[in-house]
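We call the chains A, B, C, D and E, going by the order they appear; numbering starts again at 1 in every chain.
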Amino acid sequence: MSPAPANAFGPPKPLHAAFGWITLLFFVFTQAYAVATSPADALMGHLQKIMYVHVPSAWVEFAAFGVVLLSSLYFLWKEDERADLLAAASAEVGSVFCGLTLVQGMIWGRPTWGVWWTWDARLTSTLVLFLIFVGYLALRSFVEDPHRRGQWSAAVGIIGAINVPIVWMSVKWWRTMHQIQSNPRSLSPEYLRGLLLNLAAFTLITAWFIWRRYEAARYERAAEHVSQAAALGGYDG
Amino acid sequence: MALDARGVARRFGARWVLRGINLQVRAGEMVGLLGHNGCGKSTFMRIVATLLKASAGDCFVYGSNVKTEGDDVRHHVGFFSHVPGLYDDLTARENLAFAATMLGFPSADIDAALERVGLTHVTHERVRGFSAGMQRRLSLARLILQRPRLLLLDEPYNNLDVAGIALMNGFIRELNAAGGAAVVVLHDLVPAEGVIDRTVTIREGRVHVPTVADFTHDGASPEAVTRPAGAAGVS
Amino acid sequence: MALDARGVARRFGARWVLRGINLQVRAGEMVGLLGHNGCGKSTFMRIVATLLKASAGDCFVYGSNVKTEGDDVRHHVGFFSHVPGLYDDLTARENLAFAATMLGFPSADIDAALERVGLTHVTHERVRGFSAGMQRRLSLARLILQRPRLLLLDEPYNNLDVAGIALMNGFIRELNAAGGAAVVVLHDLVPAEGVIDRTVTIREGRVHVPTVADFTHDGASPEAVTRPAGAAGVS
Amino acid sequence: MAFRDDIRRTRAIVWKDLTTERRSKAGFSAVAALGVTILVLFGLALGPDGKALQNAAAGALWLAILFASVLAFNRSYQVELDGGALEALLLYPGSRWAIFAGKLIANLIFVMAMLVIVVTVGIVLFDVRIPAQWPSIVGIMMLGVVGIVALGTFYAAMSSRSRAREVLLPLLLYPMLIPVLLASMEATKAFLFGDLLSASGAWVQMLSLFDVIFLVATFLAFEYVIEV
Amino acid sequence: MAFRDDIRRTRAIVWKDLTTERRSKAGFSAVAALGVTILVLFGLALGPDGKALQNAAAGALWLAILFASVLAFNRSYQVELDGGALEALLLYPGSRWAIFAGKLIANLIFVMAMLVIVVTVGIVLFDVRIPAQWPSIVGIMMLGVVGIVALGTFYAAMSSRSRAREVLLPLLLYPMLIPVLLASMEATKAFLFGDLLSASGAWVQMLSLFDVIFLVATFLAFEYVIEV
């Protein structure tokens, strides 16, 4: 267990706050830019603009669950509790974005497909992924011992991450109503630029959220480490 | 060295229950562990038995680290805890047979162990209906099969009648004669008379070294009252 | 008459554990109940507490039949059993507050009871993490709220440290002074010295009347060995 | 006087059960999430055919509620078994019905809350069109839940003290609940598809009848089940 | 030598689990009866339409097996928890995988036996016509059961030791098993309706892949989960 750094306490450093604000401004800008520059879609009209939140949400959700996978593996390997905290933070943020993807997709689906929901492979697999990480978070809240919680949730997180590629490939493996992945060549540049910019903005936001959750957990731990020093300090070997 | 605890500490949430226990037990030594309710005796025993991880500090059993070499430690340690750890739907004999296989002694003499703890008359009855003391006796029979080199007994005399206490003491002495060591959690030194070499008291998460004050105050606060630790010790 | 057991018998399956217990306890009398492991002490206590039905015989608590007038009996009886009977997810205080309401004393002084058993420092902690002795103390606090007229204590000193034993004895004496009666299951008379008026031994399912032979044999068979019952009794 | 005490006891048990539930942090949300998961399983098992799904929606909803609430019933007595709390509960003076009433009300609150979530998700997933008579459907749901909870709380009291409790409860409960389930499903369907208004009336009557029978019978029988 | 000891330990655990199961009198028959009851509930929820029933048969069968076996997984650790037996189990020397293997095999035997009963009843209830390729269907059932039991035994080791154990196990298990269930259902359907032989091949491949992943992952991870 590493001792707490001396500067572990206190309010967020100015740099952190600045990063948050800049990210927010950048996000507002990319949204405005994408909406303003993209022409109305031939089929969907202005509905198409949901894409600029829907697709980046889905992508960062994958990325967040990927972080869960990697930090869980690292935790089991090195037993570094920071990896566990990072996994927890990423799982929370990933679940939120997964939920957002679902909600945005449903809002999009209602006018385009005429239903809120259909049992399509992409949709279902996304919902399942969401439920898996709800289970992961439930497990974390049911287990109090930190070491036990770390090991158990690492196991569940690693096994759960198997489902990310399934969601990704679902449109290829099964015939779905949902759009299959396009690539830069198949998407006209007016749309592509906005999408990529928003992707960058979402990635920054996600990193910011994960970082903040992770920091909060670290402060808690640091406080405990200080109490450890206080508790153990007096003893003479 | 049978047991070598160096600064073993454990917290639950933010509360540090053990704050650095230092305890050395040589092979052949029998140590009584005293302390008031909730001071952390069971927690310490569970850490030594590899059932709980220490938050800080190191602990060795016959040279094996309890944190990293759990399997070696489990070969040496026999733990008699607050709970019997038996299967209610198996008979007394089946419980012991299962334990013997799991311990790696599939050919141990189970009936002899049952006879020794006085449970021959219920060999083929299920444990479900056993009285508290009968369950404790059956747990003792499991220890008899195992013959561990380090005995960890957490309030071993609970629920046992006079004959049961004599049984328990006989078993402890036998292991001692074979060179084994023991740590025994006690609240009352009387039943352990003659089997304990010395006592150690946990207070405020550390091993307490008694001072003159301990033997002079009048015991007004419930927490502070402990029978003078050295009084009945033999060593 | 606080307790009047007439030929109370109980079988499990085909085995008769109790074969006709006759025991009269007057109000204000404190009786120790002895007997070797598995002789049926806990079974008898559970029958008196209305938790188990007798297979034969009658039993009255302050004139109410335990079989047919259970609710009246439960108003009088306080039972301290092998298990603590607490809710792990409630705090110490919440557990007592719940017990007080259920006992019909919603305005009882809970903090005073907690203070008396020395658990003030964990008033708002959940019972889940309590040590064995702390749970026993909390159960004792519940009895303190109840102030029953007939105390049934099944090995009450288990898990308690020296201060806890003093607490328990103080409580028993207090109820006694108020005219209450008690039946206390014991294996060891030492901690109960001064609170027990007389002892009764169960052997082979009946109340055993000691004969000269009991004091002369050498205790070779584990079942037969019991500390001479009358030796430490006061009456 | 004694009656007032019993009411107070009932309140204490409701409070205790809900507090324990709340304390085990995610307890409620976990059960609700499980209800949703079961809905998804049904959706997958029924295949992607929209029409078939709509037809089966009422059935799937009720089954999901049933399966999830059985867990709640089991939990509500599991709490009593850990550490022998049931023994202490039985030793308190006062009427036995107070205990049953307390458990019943706590379970009712719990299952109703879960029902709100599961039904909302079910409406979306199974593409249910909400008819104008939706208040009637809410009424039917209430009636159905009362039947399920009354019998579930009662049987859980028995099964929790046997071995094999997790198995015994659903095994006793499901067959006994089939009339209630059938009536609830059919009444829900009748309202959902707008027709057969007269038929739904008969189902609602049957449902109310069963509720009354179950409530009376369980209150009367509880004393015998909980003793010894 | 040490390996032989571990094999002996595995055998002892299998024997112990099955004996306990047999002793708790109604254990196995109760779970099987419950599986059948769930099938009946599905039949009722789907309504009396014969065609719809036949289409849903594969799905209903797999769900009934899943719901019933979750109870078996929970029981298999419940036995360890009563009276602190798990503590004793963890104190025995030897490799941890021996414990997992023992529990896995015992559960596999249990679920397979239950499956025979549930499937037989299901064939009758849902009026399933047995195709000529029934041995392939048996093979698929085996594959599906291995996936369910591997993951179920693994997750039960965790959830049984947390609070809210009855809820946590299905909540973790059901979503993770959806690929396995879907593959099993689709493969079963493909064989049942005789067509799409090529498609069923892909499903069987997917099923086998998941089985391998689950078995390897759970055997590797069990040590971390059971410690502490």
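The definition used in the following text is that a contact is a pair of C-beta atoms (placed from the backbone, for glycine too) under 8 Å apart; a residue touches a chain by one contact, two chains touch by 3 or more.
Worth saying up front: this structure is predicted, and the values here are computed from it rather than measured.
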(message) Starting from the defined contact criterion, work out which chains touch subunit B and subunit D both, please.
(response) A, C, E
(message) Return the chains shared as contacts by subunit A and subunit E, ordered by label.
(response) B, D
(request) Report back the single chain whose CA centre is most distant from the CA centre of subunit D. (result) B
(request) Going by C-alpha centroids, which chain is farthest from subunit E? Tell me that one. (result) C
(message) Quick check: more C-beta contact pairs at B-E or at A-B?
(response) B-E
(request) Could you give the separation in Å between the centres of subunit D and subunit E, each centre being the mean of its C-alpha atoms? (result) 26
(message) Could you work out how far the Cα centre of subunit A sits from that of subunit D, in whole Å?
(response) 36
(request) Express in whole angstrom the distance between the two chain centres, defined as the mean CA positions of subunit A and subunit C. (result) 58
(message) Multi-chain contacts only, two chains or more: what residues does subunit C have there?
(response) 82, 89
(request) List, in ascending order, every residue of subunit A touching at least 2 other chains. (result) 128, 131, 134-135, 138, 142, 147
(request) Could you tell me which residues belong to subunit D and also touch two or more other chains? (result) 24, 26, 30, 33, 37, 40, 44, 47, 163
(message) Applying that definition of touch, give me each pair of chains that meets it.
(response) A-B, A-D, A-E, B-C, B-E, C-D, D-E
(request) Flag every residue of subunit A that touches subunit B in the complex, lowest number first. (result) 1, 144, 147, 223-224, 227-228, 231-232, 234-235, 237
(message) Applying the document's contact rule, which stretches of subunit E touch subunit D when the two form their complex?
(response) 24-27, 30-31, 33-34, 37-38, 40-42, 44-47, 52, 55-56, 59-60, 62-63, 66-67, 71, 74-75, 78, 163-164, 166-168, 170-171, 174-175, 178, 181-182, 185
(request) Over in the complex, which subunit D residues touch subunit A? Could you list them? (result) 24-26, 29-30, 33, 36-37, 40, 43-44, 47-48, 50, 53, 124-125, 127
(request) Using the touch rule from the top, collect the residues of subunit C that touch subunit B in their complex. (result) 12, 35-38, 40, 42, 82, 118, 129-134, 136-137, 155, 158-167, 187-188, 190-191, 219, 222-223, 225-227
(message) Give the list of subunit E residues in touch with subunit A in this complex.
(response) 151, 154-155, 158-159, 162-164, 168, 171-172, 174-176, 178-179, 213-214, 217, 221, 224-225, 227-228
